[in-house]
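Okay, so chain A shows up in both of these, paired with chain B first and chain C after.
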Partner chain A sequence: HHIRMISEGSCDTEDWRNDLGNPQLRIFRPTFNLTLVRPGKEQPPDTVQFRIPLEMTKFDVRNYLEKIYSVPVAAVRTRIQYCTNKKRNHLNQRVKRPDYKVAYVQLAQQQTFQFPDIFPEKDQKHEEGSVEEMQEKFMEDERQRQKSDPRRGGVTEWFGL
Partner chain B sequence: MSAAVASRLTAVCRQFQRVVTVSSHTQTQYATRAFSTFHSCQQSRMYDSWCFRSPMNNRAVHTSCVRKGLEEFFDLPENWGEQTVKSGAPWTAKQLRVKSNEDLHKLWYVFLKEKNMLLTLEQETKRQRLPMPSPERLKKVERSMKRLDTVVEEREDSLRLLQTGQERGRPGEWRRNVFGKTFWYRFREHPIPWYLNSRYKRRRFFEPSHVAPYTRLSLEKYLRSKIRKEKREKRNQKSLAAMFPKKTALASDH
Partner chain C sequence: MASCSRLSLHPFLSSASVRLACNRNVQVEASTAKSLYPPIVPSRTAKSKAAKRRVVTEFFEQLRSCTAQEKIRALTRVQRKKYVIYPHTFALNADRWYQHYTKTTFLNGLPEKYESASVVDESVLSEVRAVVCNSILQEHWHAKKGRTFIQKEQEQLVTPFLRNAVCGLKNLLAKESRVLTLSSLDFDPQVNYYWLRGERTIPEGHRRGRVEPMRFQIDDKPHSQIRIPQQLPEFVPLEAEISAEVPVITLAPDLLPLFRRQYDNHIFIGAKLEDPCCYGHTQFHVVPDRFRRDKMSKRGLSDQVEVSLRANGIASLFAWTGAQAMYQGFWSEEDVSRPFVSQAVITDGQFFSFFCYQLNTLALSPSADGNNSRKNVCWGTESMQLYERITDGDIVGLNDAVLKLLLQFLLNKPQC
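Entry: the complex of A and B
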């Protein structure tokens, strides 16, 4: 069975009739969480990669993205990643890494998506008199103390005098 | 009135938070309610208000809603690369009980999107082998969602009790399993009756005769441990009373 999300806009009674097939399960507050991940292998520009719970289907992913995030979805393909049960802990018990499902979503309307760089280098300017400023100053002083005398011209301390 | 309307609008569409730079005093009042943990920081992100992102953190106004929707899987761009991102206290059940059903429904989706964003961030930090900025946000969101669930369940329970008198939404009954233990069996939906269900008929909801003595023994064990616990408590209280008699307390007062 696939699940249709009920979001703020679509409480129309027309949506609820299903003349063919089994009754479709509708839930009010979905507990599914989608994680957008950076693709390990190079993907086409319109493909977005998600990690989804094992119980979700392709139809669920489509409805989720369209209703909650209003993202136009053309196609969804899924696979289940089996993770190892071979690793052992300090008690020599086997530790299972949990399995997960990966969904490759292709966007409609010729949209593209590039996974952004979320950790750009930033020049941290702490405000005057704050704790971080003092810590930074302290670390700077420590580093300065560890450095050898620049007048020795790179010669190590091993050589006396 | 307009401020109330504005706050309602911002409540309706979380995307408005990226757009509306409402600098009215009432909006900031709403954003910095007393139960936020960061009283001193004016520019903190408030978890316990409608606007997850305080209006003062917004960039220049752009008049369209968030484009493509996939941007909502990531934080505001000015928070990328920060070591810590400030956030307020999680919602409490008391605060959530005040809200109407529509508001709770919308808030659920706000929490859901925030959780998705945080999970995306967590996965990316693991990938890049960097520390996640402010991981306590995840716990806050999870707790808020749990509390929202509790409140909705409370409302459903009370409605059902009033309308039908049923205590539980899902029917069930007390049954005894093969090990002699009594448990609450919850019914499932089947397209066929139980006497045509071969897998169900293999399940035994009675204890075999050779298990019956052990039920009595386990009951005796449980009663023994209960009585021992009560006796231990009484003994402790008695020894404490012997160590600290009431007379000395009264004597020291005078």
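Entry: the complex of A and C
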């Protein structure tokens, strides 16, 4: 990060007057937060989708990714998603869902990115003799008992003796 | 006994009796017999898919007997939103997407005609060298030019150099190739093509859920083009098996990004239909300022330079050859009976790339693409440097291979 040097020069009031306007904007630690999201619609393999603050621009996104995460960025396209102001709460006041900006970042040097599967399907295999396994077996038997006789071929109990 | 003699001979006399009328050859007669009822066809005005199909089939049948002008007018009359394909794009990896939309395979290098080292006349090559060097030096050294805006540098330096070079080379080589005397050289022509390819489901609106074809339009403005009255010979036979595959892209064109607009659907080769020079020979393109090498490397897209050149070559040449075929009366239902061939040279002043295109099929619309095994072919080279730099009225590092290729390209002529 940038280190500011404070000079110990003379402090004669007439020589420097910096009360005439704000100093230039320097961003040392950005207050932006980027959120990597899974694309709702199928995207090309080199495209990564982010949710970014509304005040951020394409150039900010590029510099952010290149300088902090050293990700080679080829192109950035953004759009603003407007969210509804129609819903009302129990006091009949309109409740706004906050807008957000989406950035589609295309990676350089033919790199690809596939959003990972964060919630993989787990095979429920309880250990032998445990309580959960007995419960699972019991539930399974209950379900079997509730089902009607398969030999009836879907005909209800209403028809019959 | 006696009853046998009392049988009448009447059944045997009448030829319309049951035994003689019972004919075994029913099938033969049915095929030749005139049917009493008209054929059963679906309605023309009902609100049904069969009726729509019949209307479309009848429209196509009626189109087959029209002139080329009427065919073009009928196919481009209705305006709808279409994807506009720009030959110069900032989109990344655009050449693969363009190959899918034009059903083109891309082969590196040039066809065997140019690959096999042919003997080139040294005197002609030296004359070509003189013309090109003179044009370069004229722009960069002799003529005093003030500095212009950065976005107009190509227009100030490369466009006049290419003008002089092409004009000079065409007139020089007219004595070698007779077809160049009859050719037509145009500057800043327009080349447009409109076609249907692939299908999409309409996501929103009153037509939501219905399937409609995707429409594409290319509007190109090359620097110059040479058109000839006869067709160039093909590079490979029409039904030849080509090893490379056409890339298949399942994503929507909006992700490239490609944008949709609605305006007049143009099909134009650079001159109107009645022009005698209706077949294409060579086109020359200038790389715009935005896609120059130094600008692309400043944006970090040095590997996209070749990609954008390929995309430019494929799009421009497909549009040109497609329009030439439409001018001859071919369209998606009436596929081309002979391949249409054109060439292009794309340059940014210092680097030259050469492209050859052979159009084997126009049938890209959803109805015609089902059982179409032909694909279009594009050959292209990497960009080659013509000269290294220009110092004090002298060109350093002139590449003769580029000049030889230029010469061979311009000397390509149809068999008499």
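By definition in this document, the second predicted complex is superposed on the first by the 89 of 161 C-alpha atoms of A that agree within 3 Å, B and C clash if a C-alpha of one lies under 4 Å from a C-alpha of the other, contacts with A are read in each partner's own complex, and residues count from 1 in each chain.
FYI, a residue touches a chain if its C-beta (ideal position, glycine included) is under 8 Å from a C-beta of that chain, and two chains touch if they have at least 3 such contacts.
If you're wondering where the values come from, they're calculated on a predicted model, not measured in any experiment.
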Touching partner for A:V102 - first (chain B), second (chain C), both, neither: neither
Touched partner set for A:R77, first chain B, second chain C, both or neither: second
Which of chain B and chain C A:Q110 touches, first, second, both or neither: second
Touched partner set for A:E121, first chain B, second chain C, both or neither: first
Touched partner set for A:E42, first chain B, second chain C, both or neither: second
Winner by number of chain A residues touched, once chain B and chain C are compared: B
Contacts of A:L34 with chain B and chain C, given as first, second, both or neither: first
Of chain B, residues touching chain A in the complex: 68-70, 72-75, 80-83, 105-106, 108-109, 112-113, 115-116, 119-125, 127-128, 130, 149, 152
Interfacial residue positions of chain A with respect to chain B in the complex: 7-8, 28-30, 33-38, 48, 51, 65, 68-71, 111, 113, 116-122, 124
Contact set on chain A toward chain C in their complex: 42-44, 46-47, 72-75, 77, 106, 108-110
Residues of chain C that touch chain A when the two form their complex: 90, 92-93, 250-251, 255, 257, 300-301, 303-304
